[in-house]
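Take a look at these structures.
Each of the next two complexes has chain A plus one other chain: chain B in the first, chain C in the second.
Then we have the complex of A and B:
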């Protein structure tokens, strides 16, 4: 298992959201840089991407859940040990946004249902996808931002088709690393991260 | 048996297996490649020719069967299990799913009726897909998924992108979901009617070409056929999808158990890496492997499923287990860690697979079934023999204690002088009983059939009477004897599998036994029930055999005794004679 040493830390990220909002499209755009119409996702599809953020090698395990309610029932496996959650909605579909709201409320409320899925350990992002179809927009940026602010989570907009807004992966990785240093300040990764972070901030203030 | 493998399936598998061995090396990567390298090209060509003639004769067989006025469904079922020629597939599937009756002259009438019935259902429920009058969320979900239904190998064909086809699928799925509200629609279900649609369309058009040949009449026919065949197929799978979560869970547990039997190392590795079977097997279970193989291969696999009969869903799990334990893949998986394993299992490299890989897959599924049978037989045997052994040992111990007691009394009465001796005796007796306890434990842990014979011997009289009275069905003693012997041989010599001959005999036997109605029980329980029955029968037979041998021994002893007595009688007069001679001499 020499491969297991090729990264410093491993994070699990899960995607939730109604079907056809573009969860798999965002993932395949990020992992393979491809955009295509494809079969619907049935069970958690699984992708791995290794990235380097602030000199720390991070392996991202990206779990892409099928949008069908019945697959949500198999959730405990899916959410176990997740460190990052992307709630994706389609900006042209009102109900997909409402679904994200209700999902966030119910899931964070019944956190203990899922093993090890603790909200304070998790980083949540709200993602509005399909900005390429902004003409048909049904969810305004303001209301999405309002929801995310009131729940203290970040909101980003993307277009998997036009490959915009994919900064979200890097952004969530940084946030997860920060959370990690908060939760376990003594671990070697945390030390590395706080060190690199301080030098970065030092440099930025310098220049 | 209404189990995972009905007799016709086993028969077909044995034939496939023998065919595969005849052509080994050229197609199957798991086989030795010696033949290929030493045989050179000439033998390869001959083999291909042989194969062609083989498939031609199969084609002829199908043609003959289907040309009959009343089609023999049983032979068709057996023949179809090994694969159906492309041209005959649409008709054969309809026949095997009981959509069409075996009387050929009724076919047109029924097709017409069914078409009209379906039309009625569509007007009743679908109502032109007007969102005002229908279940909105259901139809919307189906509308999202239908354009995303892309059977493997059809990603850029005109057919799959055509809106006509999408509308057809939408109607079929919607009407079915409304008429089966307990299951209703779920993602992945769309792949199943899509497969039927392609097969039935292939009767009229080239699936990869343009769609000029399509006209309304064909489309209407195909749509109705697809709907009914899809419903009939789903009827067999209903149980496992009504409680979705539970059904999937059960299937993946069963899969895990089978993989464990076949490749313990693999299943251990998967568990250690945290790869829950459900993570990769859901898609296999829901789409019946249609997403894992090319259209040509998945339809071939479905030939076997449809020919298999109503329990094919159960058989499907064995196929999944065989798929997972594919040799090269298993060795790859064993070296990898979680992420790599899951990514691999979600994109199985089946692109270079051909029909023979599917044949081999089916053969391996059967092998796993045999492994399971063997382990179940052994388990059940052990359970029953353990009970026998324990009982007999207890009786022995009781007897020993009684003897001890009697001895002690005798000792104390008679041997007042030798107190020390009697103490020793007591100690010895205690030791004996302790060692008996140990023995019981030993036997519980390691049970051998030879011991079992002894135990049955000790209390055969009672047991035999009670067991025979509880089984009213006539048992074919001769057959049972044979099976019993072969089973003994196979368990003792630790063979990999029970020989197919034995299996067949067990199957034959089961048909005699009308007491258990196998159709009424769950296949899983049916297996256990069958094994239990067979093993109890075996034990009865063993008991009778031993009884006979005991009787024989008694007869021998008594005859020898009488002979001895006679000899004595004969010799005595001789002495008298001698004496009398002596007397005379005197």
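Then we have the complex of A and C:
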């Protein structure tokens, strides 16, 4: 596990989306580079990954929630201090896309409620997973982009199975960093960054 | 609670709120098979929460009564083991039944099961057996008790150790007045409790679970009910269930195959239709799967129903998760009371029971646990009842108290999520035995939890 002192800034990212769209598969592909049959996720799972983006050492705290809506009732802790939200749907399952609007509404409400800060502080991404099954596609890219435009969020497609589109983690990290410096220009990143001895040390210790 | 019940095969469970909600939609084919519809309900719950003691008491007494019947048959069958097939026929009369192969389904090298459905028109039952014949043959290997437990068990090739175990339980079970061990110091009941904590021998485990949960009796009084609900449809729940079936123990061969998956699906579907208010929620499938590994589909369904109704755990899965929230609240208060140092450490690093205990409770320690360990814990749960879930949760923390004190948030969450694969069940059960957590304390914390006015930011 990560040494809690070895990063400049910590971002919490949460995964939401209907059951069986591949939330855990994306996380496990990114964190362990594995794709395997696994148990359904019932209650939030939690992973840490350290990355370096633009010479800033970032610890990503990735929370993976089960897709069962009843357990959303226990979710306060899940959304608390979330800085990034991945909203995942299965491009071959129409209902999982149609559900995204309500996920988006619930999630933004929860994030705002439990974080007590303004919604613009949090970065949202819409993710269409399972592009390896694109032949069975039920949701077009245009539709998904339409949705993301109207909600002012980004849209990306992935395949956890074929390990494509994992750029989404780096992408959201950059966006979160950007938001962070926008919101608090005087704050911690630059300070924390300068505390460290050299850029080289980051690079050498990072994974 | 039960909204859709069959008459006259009305499910013989009375729950506090079901007095006016029986909908008559019986099918004549089912009711014609029923002979004992006038029997009184098995469970007479009082209409208040203090009836938990009574339930525990009646669990044990039912257990003892049934067990004495069972052991009599056992003795008879040991001396008289030739007409196995006749007995099977006799026992299968007037019920639809599935006799499945002995399946240690969690074993990697599970022998290939050749399933054959044999439908007997006269008796309307289905026999599924291993040999492709209509009558099971057990000559080649020691029979698994589960092949015999439908109706009256018949143990022709029972091992000596198992017999001794059963016999001891029988003596304990009939010689004394029964009371729940938590509530009095009756030595004999403590003996039962002790015995179960040593682990139930594998081949008789399913039977003991059925006996102690009250499912045998429930099953007998609700003949045809399972098939009735199975024949109905619920699009919403069936869709949800089907998504989770392939994601329940996907690494266990039995649940990769159609046979295991369809049984699991059937159990959950029938339950969700029978109890539409609860329906289906993630977590249930793991419990049902573990039951399926010890008994057949029909039996698993009834034990599952007993867990929901006799042990009153159904509202763990209700829309507002009321009972799960209550469990988490009580566990938190118990940590505070019994392990104040650990409590303040967990608070400091930001860990609350929702992060670890919610999956322990909502899957009865079957998710993220080694299956063998889960079964040891369930052995005791079936005897001790629902307060044992608090006790186990606290005991797990107690086992790792010192280690947890050294961990930061991330490592602690990771550790708590994975400890189910490494914990020593004997040590855990020992700790659970010696841990002073009076039931009165649990009850007082439960009373404190006033849902839904409990602080919402608590979780």
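Everything that follows uses one rule, which is that the second predicted complex is superposed on the first by the 175 of 207 C-alpha atoms of A that agree within 3 Å, B and C clash if a C-alpha of one lies under 4 Å from a C-alpha of the other, contacts with A are read in each partner's own complex, and residues count from 1 in each chain.
Here, contacts are C-beta pairs under 8 Å (C-beta built on N, C-alpha and C of every residue); 3 or more make two chains touch, one makes a residue touch a chain.
Predicted model only: the values in this text are computed from it and were never measured.
Overlay on chain A: chain B and chain C clash in the combined arrangement.
In the superposed model, A:61 makes contact with both chain B and chain C. In the superposed pair of complexes, A:19 makes contact with chain B and with chain C alike. In the superposed model, A:154 makes contact with neither chain B nor chain C. In the superposed model, A:179 lies in contact with neither chain B nor chain C.
Once the two complexes are overlaid on the shared chain, A:48 sits against chain B and chain C alike. When the two complexes are overlaid on their common chain A, residue A:77 makes contact with chain B and with chain C alike. Of the residues of chain A, those at positions 1, 4, 19-20, 37-40, 42-46, 48, 61, 66-68, 70-71, 73-74, 77 touch chain B in one of the two structures and chain C in the other.
On the side of chain A, the complex with chain B involves touching residues 1, 3-4, 19-20, 37-48, 59, 61, 66-68, 70-71, 73-74, 77.
Chain contact summary for the complex, chain B toward chain A: residues 141, 144-145, 147-150, 186-188, 244-245, 248, 276, 278-280, 282-283, 286-287, 291, 337, 339-340, 342-343, 346.
The touching residues of chain A, counted against chain C in their complex, run 1-2, 4, 19-20, 37-40, 42-46, 48, 61, 66-68, 70-71, 73-74, 76-77, 114.
Here chain C touches chain A in the complex through residues 240, 243-244, 246-251, 281-283, 285-286, 317-321, 324-325, 328, 352, 354-355, 358-359, 362-363, 367-368, 408, 410-411, 413-414, 417, 456-457, 459, going by the rule given at the top.
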